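You will see two complexes here that share chain A, one where it goes with chain B and one where it goes with chain C.
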Partner chain A sequence: MAKITLLISIIMLTCIPNANSQVTPWQVSAEDAGKINSIPIELKNLGIGRNIFTRTCVACHGAKADGKGLIQSASLIDETFQKQSDGSIFFKINAGRDKMPPFKGMLKEDEIWSVINYLRVMVNRSALPPAKDVKLEVSTGDEIKSITAFVHSADSAKLPFPEVDVSFYIKREFGLMRIGESSNLTGADGKVKVVFPEKIIGDQEGNVTILAKVENSFIYNDAESEVFRKWGEQMVTEDEKFNQRALWGSRDKSPVWLLLLANGIIVGIWGVILYIIYNLFRIKKAGKIFIKE
Partner chain B sequence: MTDLHRKEIEIKKEQFQELVAELHSPLNRTGLSFKIWIGFLLLLMATAAFMYVRQLRYGLGTTDMRDIASWGLYIADFVFLIAVSLVGSLITAILKLSNIKWATPLTRISEIIAVAALFSALLIIVVDMGRPDRLWHIFVYGRLQSPIVWDILVVNTYLVISLLLLYIPLIPDIALLRKTMGHKPKWQQKMYKILSLGWQGTADQVKVLNLSLKALMVVIIPVALSIHTVTSWLFASTLRPGWDSTIFGPYFVAGAFMVGAATVIVTMYIIREAYHFKEYITDEHFNLMGKLLVLTSLVYLYFNLNEFMVPAYKMKSGESAHILGLLVGDYSLMFWSVQVIGMIAPIFLMAFKPFRKPKPMLVISVLIVIAAFLKRFLIVTPTLLHPFLPIQNYPESYHHYNPTFSEMMITVGSIAGIALVISIFTRLFPIIPVSETAHEKGFPNEIINNS
Partner chain C sequence: MEGQDNSVKSRRRFLQKFGSLGLGAMAVSSALTESCSSNPKAPGSGKKITLLNSKNELVEVDSAYISTLNKDLSPNHNSQSRNGLPGKKFVLVVDLGKCKNARKCMDKCQAVHQLRPDQHHLNVLLMKDSEHTAPYYMPKHCQHCDNPPCVKVCPVDATFKRTDGIVLIDNERCIGCRFCIAACPYSARSFNWYEPKDAEKYKGVAYDIEKNVPQKKGTVTKCTFSADYLRDGKLPYCVSACPNGVYYFGNVYEDAVTNGTSGETVSLNNLLAQNSGYRLLEDLGTAPSVYYLPPKDLTLIPEIGDTQS
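This part shows the complex of A and B:
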């Protein structure tokens, strides 16, 4: 009897949040739940998982994955979440539900597994070895516009580090634009090269700032380096447009037709009003003359 | 001059004095019920004032307006009040210029409604501001390209014209008041003296007065049309589902004439009952106002058909959420009540003469006025809740708009203010034009000016 009561209360408790949110719950089949994570928890893969997490999950689930992003969402670090099997979580990320978009097609299967690994490590970070310091050097190709990042140890020995994921960016007016592949791993010589894309607009002279970063890695601490090249197209600002008289213009840039029309109406109507107010004085004056007589 | 002629003049004089005494009777009333009524209105306004002070202190958070529905009850009230104020031009100017004589006893009623509603509208727009202390910015930094600036210009212009149109026909009546209200307090007599402008009814004065009146009646029509057209442009010039319409101007103006006529019917019924003016505001007036209301309602029905039929037929993807929300969704109950009870049923009923008697007309008009208010709400709010860009990353409460108690009380206060202005006006000035009525009854000028 006690067991049945316990069972019923557990069922009811699990039903309450669902009843409130009025969203059909995820139906994870035993087969899906039992799927085995094909990606081992390795430092390299965790970096990939972290990159994906920052790009696609942080907005809603928050940087700490506690569900406090821009909207209130499920916490990914509490026990109810963490006690699920990898297969179960994989299914949910894949299928989506309500405000959680389905990531099937957006992320590769390996990437989803990497994110799950990352979430597992998040609640147990201290298990990882401390990260190493690195230095990043950036050089550019001369004939074709390409950027090469060289990742090496921070000391004078400059030991090259292979298999480090380097992110490349171009600085824009508000933020950074990513270039290269989603993951750019250094080779055995510690170097990785990306091609500068075409038709990038720079400043008025065509200058652009290119950034290379080691970030979100578990093995290495963050490092960055930048170069300044005249590789972009010149930015052409059409100042004449701003100085035109137009509907979108500032107060002193009203279109002439609008000024004429509006002020014409104002003068016309208020002319009549002033004439009538003047007439009131005429009436008053006429009354005074009558009294004198 | 023969004895007979003299006697005739004597009789006419007596008749005229009787007429004046009757039309001035509200000014001499001293009843408790009026004081209770004024007290009640002041109580409502005091509540509104309290709520407004609270709003000033704690900000617009005391309302339910948030990022998405940033316009709510206040703006609906503003549009409603502007609509009501349009009736001044309809009854006073349009009917008068068309030489329609029966509307004379209703001119002052409609004009005072217009003035009171405009004052209220100007106040409610300030209430809607989060930072009313920055109101002066619109005059210093306002751009002529912005419809908001046009609105400010045109509302104030219309207010001045309406005040003049109320005041100028009142001048001869105030001159009469100077003669008959000798027993009133000093300030009141002084006010009459100043406002009468030394009116003697001389040929010169009459000529200037009539000329001014005619000019006013002509100029008020375009201004009245533009005030509500510009109000509609505040919406129509914004790219929003339901507002993105080319017929918003005439749609608003037609609706305004309809609700204005209904407001006049309600007010004239109350005044007729309160002051026993059955002889001046007759059953025939209700009959004719009923016909006028049917006409304005039919025009409005036609615009409604255009306004909802065409977008509903196309069901453009961006607009469909809004239209379906009105027709079958969240707002469908309110929408169909407004359309059926506040427009279609009245048109049908008022087509029959028994329903154009005073009492049924009162009931119908009250329903029309309430529906008209809700209609303004339906124009403002559901649109904002269905923007073209999907609503993302907002708290759940931002997805709905339900006016708070504070907003409702302030809105009620704005309506109470109108009732207060009209009520006090009837105790200071004759609500039915005296000299115009006398002229229409055939009393000669000498009697009107010299008795």
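This part shows the complex of A and C:
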């Protein structure tokens, strides 16, 4: 058994540098590798980590972090990756290499640590306590346009849940547009309120669909609720602009001057030709009369 | 008008396809008209006719039991393709700062639209504006102009602009004059000089204007903004294939664009204002529907001579 492991590790060691011969190797100093993770692995921090992971990492590393995203990339759940120290992973996320962009400017240090915590938990999901079911109720204030989400237990007791992060969105053509702060935590009464932003365009009548969601949390299961309000500005379409007469219009929408000019030329030329033919006939007729006489 | 066209075309195609069975088919069609005029629920007339089914088997059916299921056999939406999707005008925003020449958008586009490697609906170009400026990669699509020079010059009404902003081309009308290629200031169109890629594979497939497939030798081809996907409410092929978050796509009327990679939706006006968005060759007055965000904070500065063509 030990021999096989040794053999496999030798093959791995010889193959990896060959396969990635164009890739510059990571150079992590002992100091960087020994850096201590400043964020403890706690359920509420894991939610932040998961949020950042879905937003920035999934595209290349895949939803399962197995390296099978839109491009082939490193697996973040295999042993070689997980064996590294937190400091070493932090350095790599921070500095980047080739196709892996440096997240130095894009993410805060705390956020990078949260992502690392989330990656640690990913391979060890069963160790987490099960998430609680929640229900979300949405009510609106009409005087100042605002949305209030009430998060409570799924049973009939409706116990309010404090400190739950609720995300608010407006439905758009291809996705959901976030409104409110980046984090909207419920108060002691289980409620959180956000103000509906100005200059949001709804449909032709000004209707918008507003969604409240509990998502990416490790403490609570996902829940969502939506309301439909006439709070937006009315959508103004420019269909008339595309149906007017223009040079790029289709045949039935060509500009009047072009129709007049083109048809004028045709009528003019045919007119001359027909006039000549008419005159030729007249000459012929006149000739016959002349011969008779 | 178009409905009539279609029925004429499909009948012609039908006859071409089963040339050897032409006579039989004619007999069938006469029997069909007979059966249509009679009550379809009448008991069997005893008059059997021979039909070719979709499994390529000849079957005998009593003429009384024949009714037309679907008159329009083409699975696509060509009859509506000249009208835009109501209440929508599409816009693409390209963040040049994020493009790392992964070319996933191009690969996807060429695979979907049956293009040879040298044909582009979308091309990622290596740019260097002047001697002292840094090079960057620039994905270049058809700009879907609101004042399109290509549509102006088409002599046969093959290329057209829809109310949702998309400029499309109908290969069944195109005569291959290439005036549009000459007129386009963005070099966004390409020509099918040879038989298109996988021509055999696409044989017999009904033509779809919104996908511009199957391609036809001797016609012009161009980016469609994935109009077939937009009809289904999906993001275009290239936008959702990008691993680097370069593309934002959305509806101008709604002032919202969605990033194809992260799925994040933002306000179009804010995005353009905060990042000084611009359009290509603005001074020509073509009014493109594609916006660019300048190549700022590049994480990977390309080297000249680094092209992967």
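Here is the rule we go by: the second predicted complex is superposed on the first by the 224 of 293 C-alpha atoms of A that agree within 3 Å, B and C clash if a C-alpha of one lies under 4 Å from a C-alpha of the other, contacts with A are read in each partner's own complex, and residues count from 1 in each chain.
What we mean here is this: a residue touches a chain if its C-beta (ideal position, glycine included) is under 8 Å from a C-beta of that chain, and two chains touch if they have at least 3 such contacts.
What you see is a predicted model; the values in this text were computed from it and never measured.
Contacts of A:71 after superposition: both chain B and chain C are touched.
In the superposition on chain A, A:56 makes contact with chain C only, while chain B stays out of contact range. Of the two partner chains placed around the shared chain by superposition, chain C is the only one that A:102 touches, whereas chain B remains out of contact.
In the superposition on chain A, contact is made by A:273 with chain B only, not with chain C.
In the overlay built on the shared chain, the residue A:144 is in contact with neither chain B nor chain C.
Of the two partner chains placed by the overlay, only chain B lies in contact with A:258; chain C stays clear of it.
Shared-chain residue A:157: touches no atom of chain B or chain C.
In the superposition on chain A, contact is made by A:284 with chain B only, not with chain C. Residues 59, 70-71, 247-248, 250-251 of chain A lie at the contact with chain B in one complex and at the contact with chain C in the other. Every residue of chain B that touches chain A in the complex is listed here, in rising order: 141-145, 150, 153, 157, 160-161, 164, 168, 171, 197-200, 202, 204-205, 208-209, 211-212, 215-216, 219, 222-223, 393-394. Partner chain B is touched in their complex by these residues of chain A: 59, 70-71, 247-251, 254-255, 258-259, 262, 266, 269-270, 272-273, 275-277, 279-280, 282-284, 286-288, 290-291. Residues 82, 84, 86-89, 100, 102, 104, 146-149, 151-152, 157, 160-163, 233, 235, 241-245, 249-251, 253-256, 258, 261-267, 297, 299-300 of chain C touch chain A in their complex. Only residues 55-56, 59-60, 69-71, 96, 98-99, 101-102, 105, 172-178, 199, 201, 203-204, 235-239, 241-243, 246-248, 250-251 of chain A touch chain C when the two sit together in their complex.
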